[in-house]
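Below: a set of structures, written as structure tokens.
In the two complexes that follow, chain A is the common piece, with chain B as its partner first and chain C second.
Right, the complex of A and B next:
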């Protein structure tokens, strides 16, 4: 059996009375691209902080290729971490930044420069390599942020919300980089609360909430959790209470309310023939329905089923 | 060590990249040097003391006495009428020779302008005293011989005595003044100011943008990160010093005395400031606050520590209070090396005090240094 590149066992971390991580366990195979999906406050950044070694005082264990990650500092040379913040020097150029950050990993100077120039090409910053980073757009800065995490060619890359606050084009570019890195054999863990990003990029997905892993698997495996059901999204003018009264949960073998809030509800139907009956019940309770969408099972439905809330909440 | 150098060198590079760098480290301190250098006068202009002698003597002894005043250090002017203007004037009375020949008590007047240079005055004082001692010694040795025959060329007692004066050990020979004092003073002030401001702000910014935390994502240890930051700020202080020393040598013929010892003083002082800047940047979270506190500390320490005026001229109570300022110890070390020609044996206690400041600042910096907000 191939050795896991990362094995996290029963990780626990609390801030006072708030639990950030509780019995969190996860493992990662070499070359795997894992998307860690969770709403704000799910514990994603705490996990990255522990893995990066900046957060101590936690319970549980983390092994990198079978070795305790925190026992030997040199193991950090094999891991790349991309924080959520643009953590680099804005007064330096992109090339100077890569040379500085790469210089922390004992890479010979010539080799480092070669790698830096190569990476700048990968993240499409070659033409602006010698300009101060403070002149860059948000998307360019994000790409540089990722490049810094890659300059020492890590075996494992951890990215904390790498696409936060950038436009669609820049987002696509970063996701392409992550896919390319994974394709070349680097294992990747990236946290996000964007469903589409993990659907498009990851070979495996872990859903986490309130410091726990709720489910892991490929997209197909996760979708099977909600079964071969039709997903119906209902929006209109109603309160969550009134909707729940109209469609009591569980409302029978065929209908399952995945999520309900004021003006929006998501339901799973084993048989699409039951949809008109649901509509009749809503009208009977004088609930105004403005829109109704019938969808195939998606990651969003899985997420709602697992967490009971939308990523937007 | 390689990582410490790598981290430290970058901080220096970032400081030099600042658009206002040359204004803050060169032009601004030069303005201070010119103001204070001229305010406290230059010690080089008065190396020769002028002395006017009003010789009213009707005999030979007055001229004989004047000859004994001649020296390369004295600019002597002999006049017969009272001068309208003078720095200092020695009045030889009309009966000077008569009284000597009668072996009677003698009174000569020495008048000084209160505005005259003290150092030059001291040189004239010494020369007059030496001349009196020489004359008296010759007269004593000549004894009861015929006074009229004293000026006989065969008289062996003529110009027999020579007098050498030297100051007792540890006497302050001169008051530090002019550019020789101002240059080290402004250097000390600006090392404080630049290291505290640049060093403090960059620690705060690096923490805020998680750059410090990201450095620890690599295999760099906390000790290497802290050491790198400390080295970076030390290099900032040394660069500031090097720029001012170079400017001082070029523009003001700066005298550092024993260069190695003065350099050691600069290194130890800059190291103490480096640690203090990390402490300031660790406890303060806003740039304006760091600038304000750094300016306040640097100027307060500079004023108190004798960077702007020689500490030798301030009242003893003020001087005692000045000892709380690290600038005092650095300036006192400079004065001992530059003005009083002292060696390591005289300055090591000062350097030890500065190292103590550095140790306390380092302990405080370590206690409050955080990699994340």
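Right, the complex of A and C next:
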């Protein structure tokens, strides 16, 4: 069995009466890109702070490749972080920032310089490498923020909402970088509010709230876990009675009529493969169907169902 | 390169990249020292130069002794010292009432006759009450004149009587025959007095003290040396404080979390911050030392000792602010408290007013400040005295603050 790159077991942290993390457990396989979804106050930042070593007095354990993460500071050479804040020096250039932040890790000087130049090319900042960062746009700064997290070639990269406050183009660019990093074998934990980003980028999703992991899995697995169904909207020329006779509810075949009126009906399917059979029954009853819309279950719906609130709450 | 050195180097690079604040905090104490020094500077030859004393003279005698007395004011040195205006008594009184002169010298009627007749007479000095020093000089001058004239009148009493016999003292009005007996008498007296007056057995030799190793150099009170150390330590506190406040700024903007994610330890970070503040402060001290010498001619005394004092004082400031930042909750609190603390230190410690001018209570409180011990140390080194006490006090308290910072600050680094 392949060794987990990160194993968090029963992590607990409280601020007075408030519980930030309660028996939080999570693990990550090498090369896995995990999206950590949670509303504000779910405990994401507390988790990142514990992993960074800036938050103490917690219970539980964190192991990196089987070793206690906090027992040996050298292990940090193998982990990178991209904080939510633009955590770099705006009065320095992009290259100087990469050399400074990289210098905190045990990397030979020549290798560091080579790596810094390589990363500047990856984040498309080579032409402006020697300009003070304060002259950069928001998107460029975000890309530099990500590059700094990668400068020491970490095996595990933690990204804390790396796409906050940037335009679509910059967001796409950063998501591409994250995917590329994952593709090259770096494990990634990626916290975000943006469901679409997780759907596009992550191989596995963890939903957390009130300091706990509620569920983890691929998008399809999560949908199955919550029993989320596909919604089909049918419109045409038919009466509500005729439609109900054609597809009696409950149908017993995983089809559920959510609402029906003259010329319009809404159905829920546990399995989208049952949709052609439903159409055949409508045609057999000589009902005229003009339009059919299939709405796939979304991560947002899963999230809502699990946490009882939207990510913006 | 160690991580500590890397952070110190990075801080220095950033300071040099935006040097305005540091330059400003170096220029302001120099400018203030220059300004205050120019106002109170006693002069380049280190002597107190008085403004000319405006002296009114009322001559009620208008005879030969009064003419001698007034003539003395035309002598070079007295001419520079006194600005004499001859007035009559009513005009003089009016001017004195308006405070237009420092003093008024009244030569009484029959002054010359009384001197010639060996009768007591009196020179009167009216002093301006609104001035303290200049009227006193005029009074001293009158007293000296009184002694001199008394002696002359007694020695040359006969000659005076002869001279007073002449109706007017002009070359045309006096014949050689008239002058001959007078000159003979005077000559005889001068020859007789020569035995007593010349050569003088006692002479006064004036010597100015010099510091060891400073022989040949003019020495005097340099007001800039007196002001500048106080200014320097006040602005050193202002220069070093931001380096330590950076701890709070970096904590707020996520840099600390990023640093703590690296193999850097919190002790390394605190050490780097303390020495970063120290380095900036010490470099500014070197510049200030050079600028003080070039601009104000400050003699710092033994340079190596002075540099040691600068180094220890900078360490004290850096460690002190590191310790304070361990107790400040956030950058706003640090920003709000730092400046008042520096100003209180400076007011009580002698940066704003000379230590000697402070009331006893303030002087006592001032002993708890870095400003006091820095200024004392600087002056001791300049005066060739031992700075051991200030150096030791600063070093020991600085180390204690650094130790507290090392223990307490890592907790504050937690996000």
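Rule of thumb we're sticking to: the second predicted complex is superposed on the first by the 246 of 313 C-alpha atoms of A that agree within 3 Å, B and C clash if a C-alpha of one lies under 4 Å from a C-alpha of the other, contacts with A are read in each partner's own complex, and residues count from 1 in each chain.
As a working rule, contacts are C-beta pairs under 8 Å (C-beta built on N, C-alpha and C of every residue); 3 or more make two chains touch, one makes a residue touch a chain.
Computed from a predicted model, the values in this text were never measured in an experiment.
Chemist: Sharing chain A, do chain B and chain C clash or fit in the superposition?
Modeler: clash
Chemist: Looking at the overlay, does A:91 come into contact with chain B only (first), chain C only (second), both, or neither?
Modeler: both
Chemist: Going by the touch definition up top, name the partner, chain B or chain C, that contacts more of chain A.
Modeler: Of chain B and chain C, more residues of chain A lie in contact with C.
Chemist: Is A:56 in contact with chain B, with chain C, with both, or with neither (first, second, both, neither)?
Modeler: second
Chemist: Applying the document's definition of touch, where does A:283 land relative to chain B and chain C: first, second, both, or neither?
Modeler: neither
Chemist: Which residues of chain A are in contact with chain B in one complex and with chain C in the other?
Modeler: In chain A, residues 52-54, 73-74, 76-77, 79, 81, 83, 85-89, 91-92, 100-101, 103-106, 148 are touched by chain B and also by chain C.
Chemist: For the complex, give me every residue of chain C touching chain A.
Modeler: So the residues of chain C touching chain A come out as 1, 3, 6, 10, 13-14, 17-18, 253-265, 413-415.
Chemist: In their shared complex, at which residues does chain A touch chain B?
Modeler: Answer in residue numbers: 52-54, 73-77, 79, 81, 83, 85-89, 91-92, 100-101, 103-106, 148, 152.
Chemist: Tell me, which parts of chain B touch chain A in their complex?
Modeler: Its residues touching chain A are 2-3, 6-7, 10, 13-14, 17-18, 209-211, 213-221, 371-372.
Chemist: Which part of chain A faces chain C closely enough to touch in the complex?
Modeler: Counting only chain A, the residues touching chain C are 48-49, 51-56, 73-74, 76-77, 79-81, 83-89, 91-92, 96, 100-101, 103-106, 109, 148.
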